[in-house]
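What follows is a group of structures, each given as structure tokens.
One chain, subunit A, links the two complexes that follow: it is found with subunit B in the first and with subunit C in the second.
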Partner chain A sequence: MTCAPPDAVRSVARARGRGAARVRAVSAALALAVLAMFTLSLCVGDYPIGLGDLIASLTARGTPAVDYVVHRLRLPRAELAVLVGVAFGLAGTIFQQVVRNPLASPDVIGVASGASVGAIALIALAGVSGPPLAAGALAGALLTAAAIYLLAWRRGVTGHRLALVGVGVAAGLNGVVSFFLTRTDVKVAAEGLLWLTGSLYGRADHVAPLAAAMAVLVPAAFLLGRSLRALQLGDDSARGLGVDAERRRRALLLVAVALTGAATAAAGPVAFVAFVSGPIAARLTRGAPGLLPAALVGALVTVTADFAAQHLIPGAQVTVGVVTGAVGAPYLLWLLAVADRGGRRR
Partner chain B sequence: MNETTLHTEGLRLGYGSRTVVDGVSVRIPPGRITMVVGPNACGKSTFLRGLARLLGPVAGAVYLDGKDICSLPSRQVATRLGILPQSPIAPEGITVVDLVGRGRHPHQGWFRQWTPADDEAVAAALAATGTLELAERPVDELSGGQRQRVWIAMALAQRTDILLLDEPTTYLDVAHQVEVLDLLADLNASEGTTVVAVLHDLNLACRYADHLLAMKDGRVVAEGPPADVVDERTVTELFAMPCRVIEDPVSGTPLVVPVGRHHVRKTAADAPASASSGPR
Partner chain C sequence: MSANGLPVTASSGGRSRAAGLVALGAAVAATAALSLAVGAKQLPPSTVLDALLHLDRGDPDHLIVVELRVPRTLIGLLAGAALGLAGAMVQGLTRNPLADPGILGVNAGAALAVVLAISVLGVHDLSGYVWFGFAGAAAAVTLVYGIGSLGRDGAAPLKITLAGAALTAALGSLTTAVLLTDTMSFDQFRFWQVGGLAGREATVVAQAAPFLVAAMALALCCGRALNALALGDDMARAWGRNVTATRAVCGLAIVLLAGGATALAGPIAFVGLAVPHLARSVTGPDHRWLLPYSMLLGPLLLLAADIAGRLVARPGEIQAGIVTAVLGAPVLVALARRRKAAAP
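For the complex of A and B:
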């Protein structure tokens, strides 16, 4: 045992290297795709902008008209799409891996609904709009997550119980959202409804607060995320490997809940981005996904969906959440059809 | 040679208000193979989880090198004591080399990433368990025997002085059971690793153990070398089942032959005079 045959060591290093190389290649390709879609969404629109003009504008050498369209209209929207996508992608993957259940993403088990209730309550009761909504969304997400965790607790938390309790809580909270909407002025309700479908339109002032929150949360997610490799093997194995499973799980979920709350506050509950990012990343990397590919998939899905929402139907703009919902819902149905009780694929 | 010691004093373990292990004080012989045996629900798996600090004691303590294991940093414990739980979970789609590599987790820190020493430990673990050629296969696709060897490889990659295993041969056919136990014996012989395993099969436990812990109703009722511990009276009391104990023709260790209500030869010539618990 003390020394392995050198060719065995080499073949292990090669096998590991191939896996790592695949993750790197997938991440690089995803990053390029995000960049391409980002650029495309800056160029395409009622006022088309060429690549040359775009670069000139981004390097502060543009004409006032181009500058206005790029810096005021399109750039904040594209930036927000990337930030929201990364936040949801990370949050969803962390939830799914910690809970070991593909159904347990924050948008399915009610954490995003909790954020919605928090924000809608502020809109309906206090007439708040803009970045202060983040406080309500964050508080709603945290309270809901805590409630789900406690309700699912029975000498520890298992994946399918957390998912079931979460789905129930989500249904209840959606009822609360409807209650608020029916009890308020039509104009306020319309604003709330638009926010609820997940929209990136006219949210420029949300970019800075979200970026600030993510500057703290994203590094925390990646640092804590290293213990996911142990947590995925079950609590006993994780503790055997020296990971304090319960404490680490709570810390990871806290970060994921905060990411969900912050992103929901900025763009509304963009449906299913958190839910699909991890599984897509897992398919691409062929194996347990790292957080980086999942975050990039989240960004790509959101930027692409927002681009489609703006340009797919000529003359009619839909919100980004409608597009992601249309893509995500069939996936949810498929997963429910093929998953067993524990939520694993049969 | 292996100097790491593990012992318990008045260890009581339970779930909620139910006590499962009650007042166990034992010393695990360092560098030897210890097998924990006993009837279903005697608390042997719970005892092993307690030894591995997966379950905190209600009373008493487990001591690793003389220090209360619960007071030591978990990661530090994980470099000296490894545990293979009864039903570990393999994430979907994970490859063998990735899974075994996770055994290196306690040796890596916030800043210390993967090093050639980790590759070396993984390669040695794969070679020792005969799973080198499976390195890039997904764990989902392996047979039960292969999968169990891969999990043991992960525990080996952890490179601990003490290795605890909870029923490592469950769900394996007899050939794979012997293969896994041979592997543990090899590891013990070549590295001096202290092995503690919960085992259902009393005869295989007798063959492979240097030291036997027999448990019943949450207590250790007998311990020592199998030849000293296993006799007809002890086994009959332990499992509430009449039996005969003969010499294993292969290993010379005790071999327990259960006596049920059927298929018992009636001829007096076959019953030895010493049989105290033969058929009535």
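For the complex of A and C:
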């Protein structure tokens, strides 16, 4: 770079600075939005709580009634929504960027299908409900991911092959899920459908295990995520930049699969969060690949969806998985429709 | 180089591909014959032939052949061919090997329309779902195309793909919302949702066939255009293609094909995804061969799956939609592992 004219260097640096500043601004705005929705979901409900009472309760100075509603009912659910959202948002965008295909989120390439088969088989064959389902789902997700990776392995794993194998495995597993859904009594099938949709209701026990898992996985994702930009240039270029493409890819996918598995075990395969987070974040930051905005978009979509699920239709509680598609997807559609209007690229 | 600048296929390669096409056609015919001959009730081939040539409406065995097996075989042929073709076109159009007709919102749109038909209008039989399925699928694809075409650079592949997946997500949410609150509708919907060839009436086939055949003819004419698009929009324009018009024509063919197939057989996702990959491993990326190969491989896969579904669970049966996915998945995985599995 020594021979490049100084203005060129300066303009590149300026452009990069603008990108980084935009990522920071978007992330800050998203974080504020998540915080606002989180607070809103703690305050609003059949038992409305004022902001003062909420702060008093959170700082251990509240009345017993407020404490009960906040700490027992609303806080675990809101916390779980944020955790699940961050996990799916991160996992989805890692998959999409490693495989370099916007369709390759974990719900499309088989990991979520594996979790579903694990849980549905337990529901349909053994009549299991509650925490053991989480174990079944986690086992299903991890086994499926391992199977996909091994099947796609051929002196290394390319994104194209991994995605194709994943889609094939997902199709087969979805067939198995359909089989269970059509072979069982309609009540059992409806229970299966409920799990398949994903729900945050009454999952307070799942907060601590998921938080523990994510305390390890999220930092790992951000550390490894720094090599995503190099990986996106292709294996040869990545190698040229001193990145061992295969090993990095494996580590990133392992983290993404673990995030998906842990979140799915806690809340079920909450639909579409993993898929929409990355593309929305990319459009908000004008294409700068970053994990933080995607994680925050995931959290925002899930918290908003859960809030809408609880309060949108008075008297009827729908589960979060029903609303996530209705919250995130139209926004992505709108972003797609308005993009490129002002002459800027995606 | 030919007139439109694309390399002419070497004649020897062309001849062997044509021979492959003929062999494939024979295999489809044989599978169709098998589909007429095999079922829960074992009938000797002579009875089947008799029923087709000299129908005796008083003979229950003849009625089984004409009323049950002929319609489902025809649906298998039509839906399989339509899904295979639609899949190849969608993958070419979006330049994404993971795309299938479902990615344009076909299945989600059809599913929502069918669920509303069951839940709100009280439609209760598979034949009644057909037009709702078609309308829903057509509306969804039109919407995806519309959203994908807004903005300055028109219907770019990435935008169509993302718009389709996002619309699928949104519609899927609505469908699930209805199903979770209405167990009775879910009970009916779950059997439509897996996709199958059985239980549809012959009149439905007769109504849908003209659309599907016209759409297949249109699709087979798009080979050259898709080849040009595969080079990228700018290159296609440089060869004198009108990219927007090409996309619109291909979109129309896909709406008719995928919508018609979904209306007839329910959302059988896997055929549209796997068949183009299977075909591409034989033909390579040339759409002029890929499209006819996909059109023949589709019914072969679907009918074979339907026959297998009838045999494994006698006297009951497993729906073709389930069998295609479970048996087809290993094929797709094996294909992906092969070196030659080229991207579209």
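We take it that the second predicted complex is superposed on the first by the 263 of 346 C-alpha atoms of A that agree within 3 Å, B and C clash if a C-alpha of one lies under 4 Å from a C-alpha of the other, contacts with A are read in each partner's own complex, and residues count from 1 in each chain.
We take it that contacts are C-beta pairs under 8 Å (C-beta built on N, C-alpha and C of every residue); 3 or more make two chains touch, one makes a residue touch a chain.
This is a predicted model, so every value here is computed, not measured.
Of the two partner chains, neither subunit B nor subunit C is touched by A:121.
By the touch criterion defined above, A:284 reaches neither subunit B nor subunit C. In the superposition on chain A, A:54 makes contact with neither subunit B nor subunit C. When the two complexes are superposed, the chain touching more residues of subunit A, out of subunit B and subunit C, is C.
In the superposition on chain A, contact is made by A:330 with subunit C only, not with subunit B. With both structures placed on the common chain, the touch criterion links A:181 to subunit C but leaves subunit B unconnected.
By the touch criterion defined above, A:299 lies against neither subunit B nor subunit C after alignment on the C-alpha atoms of chain A. Within the superposed three-chain model, A:223 lies in touch with subunit B and out of touch with subunit C [touch as defined at top].
The interface of subunit A with subunit B does not overlap its interface with subunit C at any residue. Put simply, subunit B touches subunit A in their complex at residues 15-16, 49, 52-54, 73-79, 82-85, 87-95, 97-99, 101-103, 105-106, 110, 114, 116, 119-120, 122-128, 132, 135-136, 138, 156, 158, 187, 190-191. Those residues of subunit A lying in contact with subunit B across their complex are 1-5, 8-9, 11-13, 15-16, 18-19, 97, 100, 155, 223, 226-227, 229-230, 232-237, 239-244, 282, 286-288, 344-345. Touching subunit C in their complex are the following residues of subunit A: 101-104, 108-109, 151-152, 154, 160-161, 163-165, 167-169, 171-176, 178-179, 181-182, 186-187, 189-190, 193-194, 197, 271-272, 275-276, 279, 316, 318-319, 321-326, 328-330, 332-333, 336-341, 343, 346. The touching residues of subunit C, when paired with subunit A in their complex, are 96-99, 103, 147-148, 150-153, 158-159, 161-163, 165-174, 176-177, 179-181, 183, 186-187, 190-191, 193-194, 269-270, 273-274, 277, 318-319, 321-326, 328-333, 335-337, 341, 343.
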